[in-house]
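Just dropping this structure here.
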């Protein structure tokens, strides 16, 4: 049985700012900031994203995000190692052990990104699987590749494959890894039929995690996850992406309302449909076009954060933290809003059309009730909700009179005959505690 | 807000035995039996299925299940009426009022089947919509048809359409209808794109029900329902079919395990994914090939009933009740099993592969725990389950030692170190109360 | 065996200007013009397009192109008749006989548009099929409708259905119809599976035509036709649309190059893949937004006409002829270009990419050779073709030196070492006779 | 411009008997037989099929048809070489030169199978492309693989890719190769979208062939080819498979009638839609289940050969020729039937339904006419054809009276009023010269 968790994971991820290029020094500085300024609000994971094993990562960014047949750090058992030129503390075979220790000392948790599978080169070289008579050629499925990253072959659903994953995850556990974000395993847009081997690899990874005895979060990417596979995600993983890569454009934020509608019944203790990173603050330096500020308006940023929280998504901030502006820091420290991601809070869509959405939330332990009004139009409009019509509230009756608090503005408004009716700015949100 | 319910509906439906041909006399006899022998076990709905308005129903069964351009009873406002030759008490414009009263007097509830939409002939005749200046030609969408039944046009999403549905449902409420099974509204296999008008018609029907003030169950057919539309079904209906017409063949029962896996998170108070009728006992008289006994083995019948119950499906028996054999009656009166369909019981799939399935169930009020082992193979096998690995039980710890009761056989077996391990017959089931 | 023809049909069609509203007077004036000014260039068909049987056609154009449950002229055998208010000469049951005679007297041929199937109302009224014991209810398939026009039910593939089509086409032959454009029979975008009854109706219509002994062209709409059904179109029809409705927008003209590539091997004597009407001159009056001039640039108009001709499509002009401007008239009277649609001319794509296309054409009787250079870009570019590389020319060798004539400009250019290399305007064409 | 040919290629292919395992000695023996007994009937190509470069081919046949990460012969420029253990004459870098010379000396032509792309190992090793500064890593597209064979990466559409194909095809030309059967290039069932790189690789291969100046046939596999890509196949290749691998089962032969209907308009000089090998005689030795005789009945064998010929497919026999029985040899030496594959003969389907098919054939130079009646049922039936209704004959009128010859039986039958009407055995064929 997979580990349980008391709330959806929150933390920082290197991808949105650094793409493939982050270094040990940069990770440490972001971790320092997280510990100093955000930890008390629940932010605790520090995640090193894709291709930390590539010595040449980012060096041909005009042509490739992932250089084909590139220069990778790999041990004799076909397991990628941190590139020593980027992560000096890993020298001498110490892997991410020293960096993980540094992060643990800050009271934080350490996560890494991996691609599902086994390095292609390990298979072509017939490298041994540690502690077994198998080789990487027994393990690798040459027909199972990723459509957008050239590093790996999928792992077969056999004893050699399990042995490889066991040896890999045990190494991560020995390093002190707390969180594995496995990529190319949640959706594959590439294969016409369902020959995608990601389905069995999720189970194999969770089995390998179980054998380590370490409490490691398993996060699956990319999305959109397949709702008809919901049971499998819930059984074997802690998080799974319900969208393709999310960035700071309204055209991407708008469909998140439909995705959250779809997955709302599937949020549970230790099982979190994942809306992807929060592209806030300074972004994009590693992507070859220069860094920039978040493109969302402030209203859109509040809308995004409100939806992620009331739905119950994990929260991973993508900003370069050492450059965090006041506004974004304020946004990330709204305790009353962030706590909606806790397990006791159940969010439900009340209604939605092309113009607006309404969500309710109930704390099933305390009975606390929340209501969010989302304006999906390009201009301000008055949004209303009859609280009598909200199914969650009907089941937990209680006074719905008097004043209620809007949490972003910290102002109080009057209920009129059990009804909220308030102007909401373009693409904006009002979130009430009833 | 749609009416709430304290458990998934249970009752009898005329379709599996009578097809389109049932008469008032036959309905009454089945209702009498239900009241006398099954009501105390929770069976309470009596549902008259398709084409009760067709005077010539069944008369050309070798060619047509539904005779095109047939002979229908219809009032001056484009609303079908019971065919008087089949339902004599409806004479004089009394509709189903007298039959509903008879059924209510037995302490039962009365349901009818309808096709979504408005009679085609009403539109071609430009009949008025009762109490309005609209006509059926304003209401009917000539491009919205059913692929398998020729009676109706879909209703437009406009004021005329709502007025028609209001007048229709008010007439049903006046008759005393407690349950509407609306067909051609949950899935349409016909349309290439999503032009299927069923989506808005569900909302319009629920709105019309709300206006009557009567507590009427809304049940949607046929299936399979679309999981990406789950929110809509939950918002506007009480039941929705998750399978196409279900009959007594193992090839149809087997995929129900996948369907229940898919929909398990969507069972809630007043919201019941529907596994379709139970084709038990005497069946098929109206279908033109002579009546017959249920084709399922006894083990398969127990498997079906166990799955329907532990999943939380409504239960509608298809047998001709006046011919009910001892075995089937025994099956339908297992109180300890039937009660799993109550709202307090939450069923979850523990595991499934091509060979077997395991489900657990927890009463969230009392903490009672159940476990079902399903053998999906053609031969007996020993099935085991580590109770430590069952997520529902982990959240509600309690002693898992000693003896547990198998509910079908009413025998007791020993747990061995928190593990059940028992032989299960081919296509059979064991269901334990822990 | 269907009738043969010596070239692809050319003529005028009422749709692009009149939509559903054309009257007898208007048809006659266009026919007069055609006879007087265009007949000598090969234009000979006069086609009355959709809903000539609707008395109220166009009267609710803001809401409907085809009024549902509208006011139709129909005889006692379920056959639509011309609306007498629009076609006065049809009074007294004479149908289109008088109008056909008028057109024949001008030395032209007469065509009408029909929807496949039988009027819905005829089926609901159980009207008799002329000269038989069948009724329209035996003939009509209530599950076979058109997705965009509410008038008809598809005809069943049975003896009743054939009898209906026989009686219908005999009536057309008696009127003097030379050309039937049958709609909703070439592609149906509506049905998810292949239950579309259009496939058998094509065969039934051709069989009915054969029985009349009259040489009637059978033209199928709408498109895009299905290439995997090519044999069927070729066997039973003379023309079939390879595109959805074509209008005067570059976004629609560009994909015609791909469609012509796809169908080029399927042009033969009496079998013409159809690129749809030429939306030239004055257009659009009946469509409710006011009439207008053709939106294509002059270069685009030449590109369209060149492609239609070198490919071998039928040519039907959509302009209101009584308002024909000088330019368009010039365009429609280019004898040397129009003759490429003759049966002896075989067109083939030489090459195509996103920027340009090249077609060659060979007269297989005379050996005449043509080459068209199409510029698909937004700006002028030099296009070249090595005549040695053109497969059609390789098979029919001959001198490729000296001067060649560009047919639109009637200028001569020099070949350079067997190569043409010339500037072509944006979206424009050069067409050479070699 | 690709090479022209005077008829569809005919020859022998090693696959159906040897799978991946054929050796030089075996190829020579089959070539000897071909030269001695079949060459005079038009059979002239000797084709060595898949994985002639694999030293370990067939050694783990219970697990793999193509051993992943297997033991391949490859030169320093990333080009596979014949495995010396299987083709001894290739030792010393002579490749297939000596074997090609042997086959040429017999008056035959030599063909080889290749997989599109570049060996994966060449890319991972960054091997140089001969005569250039490029490496295999510049050439290989790591996202372009074959779904069923693990040997190659697709080649990019860039200068490095063309340089690699140029060096590869020049080597084949130097060896004396006359025919390249390129696999994984005609259809890829693997990719969900059209990212399949096979499309551009066909063009690149033809360009490389052109540069060699050698007349090399380019044959594409596997099928079914995409009819919407017909122009591309015709432009750049000589043959393309219109079916997936064809074997000796009626369920595979029956759909060939639909495939030939689909592609009939696309047979031309140098362009041959390919029905795949003829699985006749002794078959299957290399496939790990023991060799066997052809499973087709004699009637089915005649049906297959008649269809392949009248349609105009290439003919490649799959039998082990040294074990050829009398019957099969008789079948392969029917001169009057085989000549229908010549360029002057044009085959057309006259009609087809689930029970039968009729094809006609016209020699457009001589006017000779043929008619084939195919019985698709499980039992004998009388099939008829009105010769007046055959479109090809209508265009070339001539006497259709008197006696006509059935070519398989070499018997004469009487025409009755221009009609053939004869019994045809189950799954059998009658082929008449008129």
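Chains here go by letter, A, B, C and D, matching the order in which they are written, and residues are numbered from 1 within each.
Heads up, the rule we're going with is that a contact is a pair of C-beta atoms (placed from the backbone, for glycine too) under 8 Å apart; a residue touches a chain by one contact, two chains touch by 3 or more.
All figures in this text were calculated on a predicted structure; none of them were measured in a lab.
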Chain whose average C-alpha position is farthest from chain D's own: B
For chain B paired with chain D, centre-to-centre distance based on mean C-alpha positions, whole Å: 56
Whole-Å gap between the CA centroids of chain C and chain D: 40
Distance between chain centroids, defined by C-alpha means - chain A, chain D (Å): 51
Touching two or more other chains - residues of chain C: none
Chain pairs in mutual contact under the definition given at the outset: A-B, A-D, B-C, C-D
List of chain C residues in touch with chain B within their complex: 68-69, 120-121, 123-124, 126, 137, 140-143, 145-148, 150, 189-193, 195
Complex contact set, residues of chain C against chain D: 1, 4, 227-228, 230-231, 235, 261-262, 264-266, 269, 349, 351, 388-389, 391, 394-395
